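Each of the two complexes below includes subunit A, the first together with subunit B, the second together with subunit C.
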Partner chain A sequence: MKRAEPNRLVSLMVDNLIWLFVLGAFIAFSLLSDRFLSPYNLGNILLRSAAFGMLVLSQAYTFITGNFDLSVESSLGLTAMFAALMLVTSEAGGLGWQLDPLLVILLMLILGGLIGLFNGVLITKVGVNNLLVTIAMLFVLRGATYGISPGTSISFFPKEFTWLGGGTLARIVTDDGNFVLSVAGIFVILAFLVGHIHTRYTQFGRNMYAVGADADAARAAGINVDRVVIIVYIIAGVCAAFAGLLQAGRLNAATPTMGANLIFAVHGAAIIGGMSIYGGRGNIIGAFGGVLLWSILDTGLNIMGVSPFWIDVSRGLLLLFAVLLDALRVRYQHNVQMRLALADTTVGLGDKEQSGG
Partner chain B sequence: MRTPNRHDLLEFLTRHFIWVVLVFTVVVFGLTIKGYLGLANIANILITGSVLGVMVIGQSLCLMARKLDLSAEGTVSLVAVVAAWLMLPYRETDLAQAGGLGVELDPLIVIPLILALGALIGFVNGFMIMKLNMNFFIVTLAMQLVLRGLALAISEGAIMPGTPAAFNWLGGGRIAGIPVSVIATIGLYLVFGFVMSRMQFGRKVYAVGANEDAARASGFSPARTVILVYTASGFLAALAGWMLLGRLETSVPNLGIGLTLNVVAAAVIGGVSLKGGEGSIIGAFAGVLFLAMVNNALNLMNVDPLWVNAVRGLIILVALIIDAQKTRYAGRAGPSAPTTTVVADADQNAAVS
Partner chain C sequence: MVETGALPRRDMTLLDMRGISKSYPGVKALEDADFAVRRGEIHGLVGKNGAGKSTLMGILMGIREADSGTIAIEGETLHQASPQTMIDAGISYVPQHINLLNTLTVAENILVGNLPKNRFGLVDWKAVNEDSQARLSRLGLKLDVRQPVEGLSVAERTMLAIAKALFNDARLIILDEPTAALSRVDIDLLFGFVRAQQEQGVAFIYISHHLEEVFEICDRVTVMRDGRIVGMRAINEIDVADLIHMMVGGGVEEYQRESSAGHELVFEVQDLSRRGAYEHVSFALRRGEVIGISGLQGSGVDELAQGLFGLERMGVGDVTIAGEAYRPGSPKSAFEAGVAYLPQDRHRYGLVQLRSVRENVTYSVLDRLVGRLGVLMRQDEQAITEEYIDKLGIVTPGPEQRTLLLSGGNQQKVVFAKLAATQPAVLILHEPSQGVDVQAKVDIFNIINDLSRQGVAIMIISSEVRELIGLCDRILVMYEGRITKEFSRAADNMQPEDILLAIEGGPGDADA
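Our next item is the complex of A and B:
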């Protein structure tokens, strides 16, 4: 009576729905606009998604453990401003220290990590709600960014500092324009790959999923939940600092508003990529699909000359469409599992898989 | 009827801890800031708190049902733009200033229209979440993007100044010297406090928030309840938009941006849990008062405007840390883990006392 086997191909597609979206959006924009497939634009998609991608990566880490870190957008701004102050001359608005760029990068990553550590300790050891701590930190860090800034933007950084965010690995000249292989694009891909391997194939990664699925059960199984969560927040903070580095490098400037109001878009990309805000679900590579989708929509709509006012509308509508398909996916998987369960047992008590809402 | 003992008092204090924090805040600010407790300043606190307060009611309902409504700030923007667009006379856009569509509708037509628009937006949210099984977080996030985009598209990013006096009454008017917005907000808190603690609907919301499957099993439709909650949230957001536009008398397309985080913070500081099924409308009101008082104090203390956000965040953070200690104490106290009925009873007590 094992006729309940689900269709393999359909299952594979359903599990990797995000990549279908990415492919669909890519093909749609290629057909709608002849400039979308230009070498310059293809390079641009990756470059523009770099800083945003690092924020999504930070969120993916916290999501897996069932936590939030809303403060990352402000960490991005603060670390970038912090670095800018130490890099440039006092005439240009800095402190005039003009420290070595590599030292500054190290310091800003440490600052990001410390912010994460602070968040993690407040959440686990002091017991403050994770969403609220990070909302409060979002205000504190953004405020501090304004506070330490000269009130305006700071620009013109040394080459070593902007290399990661604005550097070029290769420039391929074609008739259609130049394809620019950016350092930032490669970096963000590598970061997601490392993140994927770290969360999927190491003991720590498995612990993260266990904590996200059920923190009490994980604790009972002997996992040091607090330690896992604190480390995840530190990683998130460091990712945010990298995002600051990439953004400041690409713009060759740091402004006090950098990263502001990004956080919901970051969550949107992560969740479209299959992460769940309740933890224990999704994978890092899927989240990268979410980043790509977001970036393709952004550049695609831009290139088609859609008014910036309507870009938000279409983004929102596409997001809604994606969630609708996701809801159908969850229902499909649920049905498949029900069928399997019914085939295995004569009683047929279904699983307790939560549906999307 | 047991006689109250020391333990009961402690439990009472921890359950209504936000009020203790509030009294403490009043005392500290009252003693350190000159004129803080003056009548004019108290009115100021309440006026600026009223828009936040109206939005917190809607958000609290959603949180109690274990949902979130990130779209509310988008509703505020859209409703304000649509209202100004329908009421103002036409004029060419210049210097980022625009006029309306040119239909110059009467405020008495526009007001019901925008309230209905808000309710409709909420209904659509609820419908998508409950009937189409879509993730509430993304649905309301996407809705926020759509609404804000529409607001920008309609207004072409320009401000529309000069809304009519009849429309501004809610946001800027006074009855016997008391601001209308404050009276309206307090009225809404009384109504919703009553609904949530005394009426069947309130119990259903708590039940859905505590456990949706159990609620379904007990024989009522969570879908209906949640759709109603979102409809109410949309309606209240539209009301807040009306209030805010009435106070400013100018439609700004970015109106309400970043409000959501403040709204959620106020609700949760007031004891409404993100995990659903907990908290009370009265508690949320305390959260609103707390945030409004802190904002006002920061203004009066002449904190460097560049640092205001940082200081406000720090104060919220300290309140949260104190609040966490309370939760910890409540957890240690043992068996009084809040179940749906306990919470509902507590609300009744709060409403009575």
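Our next item is the complex of A and C:
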């Protein structure tokens, strides 16, 4: 057991690096800007990235099984547009049906799930590569969103519909401004908690890890790999629909561009949170750390008045950094294994000492 | 063990395979093979590559279907053999490269798919760890179950795989080359564990090329050769020499190549060492000479070949080609220095299978075919391709055929054509006859012969000792990273038994 000890501490650090970054970023922005720590801003951090967070959760699920779903950003847009059409009067751009908001929410979640089911079946049963399927769906769903939209944004939703995305649970008035406890922020935290319990403490969740670690070995252990992957895509689709609900609720509007170009930022946040697209690694809590880091950086730079272009640059750099970190982590693990392998051999070693002496 | 009645009777037959035959198109992989294993014994299964061991084991595991023959377990004949029926019958396979869930913990690997839950239906991690720890201690295996499997040593992984098989009620466990990557300390650890399970009545089939270990751990041994069972012996009845004699067999018709070695030294390796791979390797190749290098997996031969071609680091030492220092940093620089390499795994490294014969043949010489304005001279390319299709007798509908659609032998010839087109001074061939049929083998030997007559110095890395004897002027044997023995036509000592014995690490004279 001697050989396992020294690298375990390092592994623990490597696995939880994200929280050091979150803390570091938080402290850095607190020092750089006096407005960052204002109650208004703190309440805002999670609200603004609630939809983003749900997309990260969806990708955390697919990542664990060694898959990914690029189409979730378009699912967000489509489900939001779909809901808007059902809800709103024809003057405001909808179909004029004005269906019950709770029914619409249910329908949009089902729509998200069906999109996931379609992706999952194509990938597992038909055997199409997950990159190709989800890129295709990225276009199909985004195109469909534009197609069904009236060409402009749709707004003026009923209160029941916007509560989750835009509602407020409590408001604490202070001298420096108001601290707003948003429903969306709490919802995202709860969603990640449920995700954590699901992946960590249920048989299904552990099967997800087994599939991601080695699909063949998982199959040999009696796990129905295809079923696990399909369900994971359904979950990802439902998460995307929730993201649509949160986003539309916060803006009190649905536009055809909602969610566009988010997916790589989503992957970046998940990866920097310790997930790996190769599967079987990372955890949901870490992914939540990734969401926090991403939104702290975003909000912090915004408050400091950095131009949007440079914010984009910093996002790109963070993404690069995340990928680099992943590569370093893999290299570190590889090196450890190489060292162990070399420790097992004496060839070309003992002899050198003799010839030298 | 107080209750002696619970102990299995040792002399009872556990597995009885009879009259097993299996043919592939053009090859008889197994012919009328009988193979039996008793309860609680460790049964060695030895034979050269291609002797039929994997086919026999594949049939036993239910992943291959026998053309004829019966399998009985504890006297009960199995009527259909699928992987699942074989697992249900208590047969388990532990491959050389073990398939575990590497990123997950030992505990999860043991209980995967069936984790203990608390009353809320959630995974009870405390129970997972305690349960798996208890199971392991019952087998006498000391492992930290909270550790991820990727942190385990190879021996620990092997033991974990055996333990997992036992938890699934395995009665017969097939160990395929379990010691190939192990140090002596780890081998002792593994053997201790295997013997402890044997005490409990578990039977093992032990497949290995390391004959000394077969003698160390096995009770009986079955020898295979050319798809047949040559014999079965109790281990205390025979010695290594007998076993090797059974493995190589009597006179088989052989390919005999006339030597074409010149005097001029082409390729010289002096005191080459690379940590963890090989040490003090020295040899020289003359113009037109063919030498063979043979050794077990892990003896350093594979690494040496790849090092000399720049696929891996070459290590410390002097290598010269025609008197000029040679240090390949990459395969490209090796090609430029006049060294060509035929990789062992032609599917991965030797061929671009989706592309045509023409493209594959000329990839390595394209820079010579670039005409004015950077456009390829298609006619010259065509001419070269046709020349080699003709010279090497590549059977293909035409130069535009995708190589994927050619037979194994013809694919191999395409790789040869690619190498020959570079007109190398030194040619390194890694298992050139692997996976090709008999006719293609002869063709390939003829190609080797032709190239050597043109003055190419050729180094063949192969475990097919008989083929080496037919082809080579000299055969070097590597063991544990060193060249331990040299056989040559000149010394008239190329006896297959002696060579195999040296390969297995038997008495050899340390080379100066």
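The rule we apply is simple: the second predicted complex is superposed on the first by the 303 of 357 C-alpha atoms of A that agree within 3 Å, B and C clash if a C-alpha of one lies under 4 Å from a C-alpha of the other, contacts with A are read in each partner's own complex, and residues count from 1 in each chain.
We take it that a residue touches a chain if its C-beta (ideal position, glycine included) is under 8 Å from a C-beta of that chain, and two chains touch if they have at least 3 such contacts.
Just so you know, these numbers come straight off a predicted model, no measurement behind them.
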Inquiry  = On the A-aligned overlay, A:Met86 touches which partner chain: subunit B = first, subunit C = second, or both, or neither?
reply    = neither
Task = Could you look at A:Gly222 and tell me whether it touches subunit B, subunit C, both or neither (first, second, both, neither)?
result = second
Request  = Scan A:Gly151 for contacts with subunit B and subunit C and give back first, second, both or neither.
outcome  = first
Query = Where does A:Ala240 make contact in the superposed view: on subunit B (first), on subunit C (second), on both, or on neither?
reply = neither
Remark   = Listed in rising order, subunit C residues that touch subunit A in their complex are 99-104, 108, 112-115, 117, 121-123, 125, 144, 147-148, 150-151, 153-154, 181-183, 186, 273-280, 300, 315, 480-481
Query = Once bound in the complex, which stretches of subunit A touch subunit C?
reply = 1, 3-4, 7-8, 11, 197, 200-203, 205-207, 209-210, 212-214, 216-218, 220-223, 279-281, 333, 336-337, 340-342, 344-349, 351-352
Query = Tell me, which parts of subunit A touch subunit B in their complex?
reply = 70, 122, 126-129, 131-133, 135-144, 146-147, 149, 151, 261, 264, 267-268, 271-272, 277, 307-317, 319-320, 322-324, 326-327, 330-331, 355-357
Note = The subunit B residues in contact with subunit A across the complex are 70, 128-130, 132-139, 141-150, 152-153, 156-157, 257-258, 261, 264-265, 268-269, 274, 304, 306-314, 316-317, 320-321, 323-325, 327-328
